[in-house]
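Dropping the structures in below, format is structure tokens.
Two complexes come next, and they have one chain in common, subunit A, joined by subunit B in the first and subunit C in the second.
Presenting the complex of A and B:
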């Protein structure tokens, strides 16, 4: 298989660029086909066929993951291996998300169908739901390999648009609709902002190509030779702020708590990972156009960009953590904690790839590693909520949501209880769980980049976070179960419990593989050989044009 | 063998969690006794001649990308503290038999896991592994207080967790900074303590000052040093007896041990510069908490506050920066563990029978429980610092070290460091205060007319006075107190080598600073001024 792919590359080496591009998109193509299949399956009159949606999605994701691992490096990208690596991560977390999402939509309707024996395709949302989810994951994979502004925009929107619908149809309550609408409008505003930014970048550089092989015009090469300029700077900053909607960073974080609370827990878990990863991949790509080669030692972002990100990171961490303390609902708390974690990862982004060549100083690798850790521990926490339900009004089941709902979980349901405890401690960054190593990696990279103040802010924030993660542990482990919390039983969908338990196990077991994973993230963000040559050229150019640059 | 000391308790904790309830205490006892046996074997095999070297070395790469490995090894000081932990472990387990009735599996599993973490802290030769163990001690202790403590336990547990966690995250920033500095010099990341120690000493005065502040932020909370001691009285008072014993006996020593191992060894320049403000904090702690003890009506709280006061001497000895003070301080870590641990046990035994800890409600117990009264008085005197018992030796050495420490009197018995007779004199009043409040306590609850709570009734299983198990728990500690009090020299001789190595580097740093003078001297003075601002 591997050799086939290489052969394909050799065959198409001189082929049309479009054809060559397709060799990098096998994973996305598989997911796209699965999308279509799932959509049709969801409309089948046969209940067994309808139930296949989840299975097909899992299989497609596994195949996509394998193909993603075999994606040939994209030599003209600043980090040729990133896309391939992230596709595997997306597929792995994606499988768990599919397991978690099982049974989110159409439950009441399927019961009706079982009773009456009549199926009306128009009333079923199952096919669409899975299709939208796969669309979103396809978009995410496309984002990681974007080398063109148009591509990046379309991929980001393909990631986000389906999630607006998923939020709305995930519950039948009005709150879900409200959340969906809110998410859509604010998302549109974010998209408008970064699209405006993209337009300015185009205006500043005259091309939409982000990265191109050496010798061809791209935004990166134009910025490298002509400098960023006021318009380019403005465009970049607007794009960053617009994209910060996807990662739920200050100042675009306002929707987070309401949307996560309004959506079903399984969809909230999806929202906390998929758009966030898309946002970080986009930010890494956008920032790569200017590179971390500015500053006195050629080791930081351009000042304006760095300051914007710095303030964003500090604010995001602090706002997220402080507001999380005030929450009564676990879902809202996790939403604010998701904001805080974006802040931590922004620190790694500011640190950049480091210029010492040491992995521990590589902030981008740290971001990817943290994203992976966060994917598992966050999914586990939301998964526990999604796995607990009680009979609510009108025969609808209600998911667990408040701290009171999970009281004494370790006593009533040890598996889910301990899942919650482990994931909460890992989110807190408690050693020796996975989250600790993720945070340590961010620490080392930020200190290497000289961002000591930011590390202190991050340390203080980790301490603040102890307040509310500890409440999760207290609620599930220490507190005695109450009548209210005993009303919650385990959901009929075993795959949700399985997804949560696998996540909790990963938080412990992946520590053993942390070294290997960190190595992989390091490979993923390793610059391409040609790019390195470019960078030295950039250094030279900067040295020579420095006085002119100052005039701007 | 060190890895066995970590693995055995961890496996036992798992076994307790999954075994039937009836077996919990049996497994816990067996695990702690086996570990103690291993500990004795280690003491026998340890090459005492090379007590400054790391022995029983063992290493395994965990995260080579970040230079993290799980490497273990002990010098004589770490070994003594491990022996203390191992001795207290079975005492805690056996001492809890009658007090813990519900939820035994959880209790013994966490108590056993705590032991593994404590050993990990003392045995770590890798900074990251040290930190992981250091932090991990939090969870078992938190659970023990939260689930098995008395009335106010939830607040106590949470306060304990938040204080310590906040401190140690800041300490982590300092430690990672040292690792980064080392990476810059060596071209590769490493968390090996010996390697980092070499690197850290090459940082300039300002860098060392910041690292010292960051590390002290974490370790001072654990000690605890005034003004971050406020979690301790609450946690000690509310914890179950065994929890208090481990807290006072070993957990507090994590702070002083970390100061000894990292602050003193890593940033000698800053230590010389900061010795005075930290000593002032320690002395404030000694006297202030001593006075608080005086007005306590709750016996357990009194002993808890007395720990803060006593640990002040320990810190004072460390920052005297001479062999006398530092070795006195190391002795203090061991002695305090024995005598205060035993005091908590005695109070726990009283509490089990009377369900109160208030001096107003009980008193004159010598009339009814002579055996208990004997032990209570004995350990109080050990804690007061009666010559002939262990407390005296270490307290005296700490004060002597403080007295001799002074840059001005380098000639006559003086050494580097900036403390001096005045510091010793003021701290010495702490000893007097300690004698007052401890003897006052003994006078109230042991001697005089018998006073009992109105609703007192004989315990359903325990006899009126101590039973064989309880005496068996206290006797080893009493023997330890006498032996270390009468014959401290052999122990002092074993810790001489590592202590002298450390003091030598501190003296070198001092000479170095004097020689460098000029610019660096200015930097050091600047750092000084800031810290004095902190004190005010």
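Presenting the complex of A and C:
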């Protein structure tokens, strides 16, 4: 009797932390339930019920956002407040994405159903589309709170796998299918790479736990006492390069333009935000295991990792911006510009959390703040493209895509025109818009970390970026409308226009709250008190980080 | 200081030996078959099914896409059972009425619930409809 009980205790010793973990996951649980509901609702024979999918998603996201804001801090994480903060950001941008995505997949089939009166579940993809979107957002929320390698991997894949399908089914054109296949295979390669990196990290440390309460074994504690060693270093670098697929950083950026162009504009907006945020959250968590010291300057990251990130940041900015200039399609241009923005944010990662005292020197807060700005301004720019359409071949409507398509938009449709102008200027970092403060924050953090050369590269790149963003402004604001651009009318889906307009408004209005938001990002990445004690030995690490890792 | 699990490369020696054994086994089999195996050829030997069946028609025939859907649904329930089996085998180790037992039961019930959801989804989708 007794032995049975003890055996049970040993077998299920992990049960209690598991229950405790669930208290941090209320937002994800709500989203998961909504996913299930939406999946079944989308197959209803009643058109009204099918139309509820969007509403249910919006409500679930709002509830998840509120629950996310109430998430208790995870004391054993290096940045206890990050997960809760990011969940609110995800929910806010997620609501706009749901509004934008309305009518993307089911328009043609719904018309057929209305004509024939027959609904066949096998032909409808509405429920799946919303469900996949919510699945992806759930994965994104899970990523932000990952404290275990296996959790991190599963969460990243939960974020990515639905997006492959979303790209494929978002349009009926062959290009969408091609984009989906491309995205899937390259995504699988990226996943394989960081999974291999994770395996090596496990091999080097003997545990899959990234962060644990003080006194328990975790990858962070093993690295803090034994040093990285060759295997740990290789694993970390491979994980970083693999995850860079998600943020579309050089050398894993090749898919970006084709995939964003092939997918519907609303899905491109989704791709530019969701996997990118997942990638940055994962990078912040992975890099935290090797100890940003919260007190030392930029040399807190191991040299090899810092050099990899440095080269990646410089290349990503430059490649993205230079290739963006050459594009005729606005969608391709925005795709390359999203690569460039990843480069800017990598600078914040290199700067690290700074010396703790000054918020302006906190690179991680800058990354989170920039991600928030980027979420809104990017959504607005793609939203304008998604809101404009003309009758194309075979009765299917075509979305706006090239610079010629949006000529004179401010004259023909002032609301969308000004949305485009404001979002383009904000993406460029034009003062007094939100993007300017995002970029400023990145600059100050990089300067206080002493990364002067990187700041120069970033400055030059911002100048290059002005060239193509101003082309966007000129096309919609200064150029006269042509017969070709007049052929485009506003879409029947008002929620798309609303999503774009709200984004543009946020770009202006959030400026008033910019310093408050920056303070929030600062709180989000504030170090855990226990972690700080743990890392006092970090100065010693760099002495013992010699090949092989010295034993204590 | 936290306790650490420092692993050295020497700990991977068993895996290395296993990998080498696997490679040796595969290569040895291929090489030995080439060297000592009899090599005969002929019309029957080179046909698609050398066991004696006559291949009829083309392999690239069209068949109903439903087979894929049925196969996928089958996989879902199949995998579900694979996970249930070890659960059932170890659940008896928990003491009756303990907190661990209820947590363990709750986990598997959640897991089963996902199957039910998949079933409802498949039903609404019309997977089980044959007409």
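Keep in mind that, in the parts below, the second predicted complex is superposed on the first by the 514 of 552 C-alpha atoms of A that agree within 3 Å, B and C clash if a C-alpha of one lies under 4 Å from a C-alpha of the other, contacts with A are read in each partner's own complex, and residues count from 1 in each chain.
Heads up, the rule we're going with is that a residue touches a chain if its C-beta (ideal position, glycine included) is under 8 Å from a C-beta of that chain, and two chains touch if they have at least 3 such contacts.
Here the structure is a predicted model, which means the values were calculated and not measured.
Participant: So, A:43: does it touch subunit B (first), subunit C (second), both, or neither?
Facilitator: Touch status of A:43: second partner only.
Participant: Under the stated touch criterion, which partner chain does A:207 make contact with: subunit B (first), subunit C (second), both, or neither?
Facilitator: A:207 contacts subunit C only, not subunit B.
Participant: In the superposed arrangement, which partner chain does A:267 touch: subunit B (first), subunit C (second), both, or neither?
Facilitator: The answer is neither, since A:267 touches no partner chain.
Participant: Contacts for A:140 in the overlay, against subunit B (first) and subunit C (second): which applies, first, second, both or neither?
Facilitator: neither
Participant: Touching A:472, do we find subunit B (first), subunit C (second), both, or neither?
Facilitator: neither
Participant: For A:409, using the defined touch cut-off, is the partner it touches subunit B, subunit C, both, or neither? Pick first, second, both or neither.
Facilitator: In the superposition, A:409 contacts neither subunit B nor subunit C.
Participant: Once the structures are superposed on A, label A:525 by its partner contacts, choosing first (subunit B), second (subunit C), both or neither.
Facilitator: So A:525 meets neither subunit B nor subunit C here.
Participant: With both complexes superposed on chain A, which partner does A:215 reach: first (subunit B), second (subunit C), both or neither?
Facilitator: A:215 contacts subunit C only, not subunit B.
Participant: Name, in rising order, each residue of subunit A that touches subunit B in their complex.
Facilitator: That would be residues 356, 358-361, 425, 430-432, 436-437, 440-441, 443-444, 447-448, 452, 455-456, 459-460, 462-463, 466-467, 470, 474, 477-478, 514-515, 518-519, 522 of subunit A.
Participant: Applying the document's contact rule, which stretches of subunit A touch subunit C when the two form their complex?
Facilitator: Residues 4-5, 7-9, 11-12, 15, 18-19, 36, 39-40, 43-44, 120-122, 203-207, 214-218, 221-222, 224-226, 231, 534, 537, 549, 551-552 of subunit A touch subunit C in their complex.
Participant: Write out the stretch or stretches of subunit B touching subunit A in their complex.
Facilitator: Going by the criterion above, the answer is residues 61-67, 128, 131-132, 135-136, 139, 143, 146-147, 154, 158, 161-162, 165-166, 169-170, 172-173, 176-177, 179-180, 183-184, 187-189.
Participant: Mind listing the subunit C positions that touch subunit A in their complex?
Facilitator: My answer: residues 1-7, 9, 12, 90, 93-95, 98-101, 103-104, 117, 120-121, 124-127.
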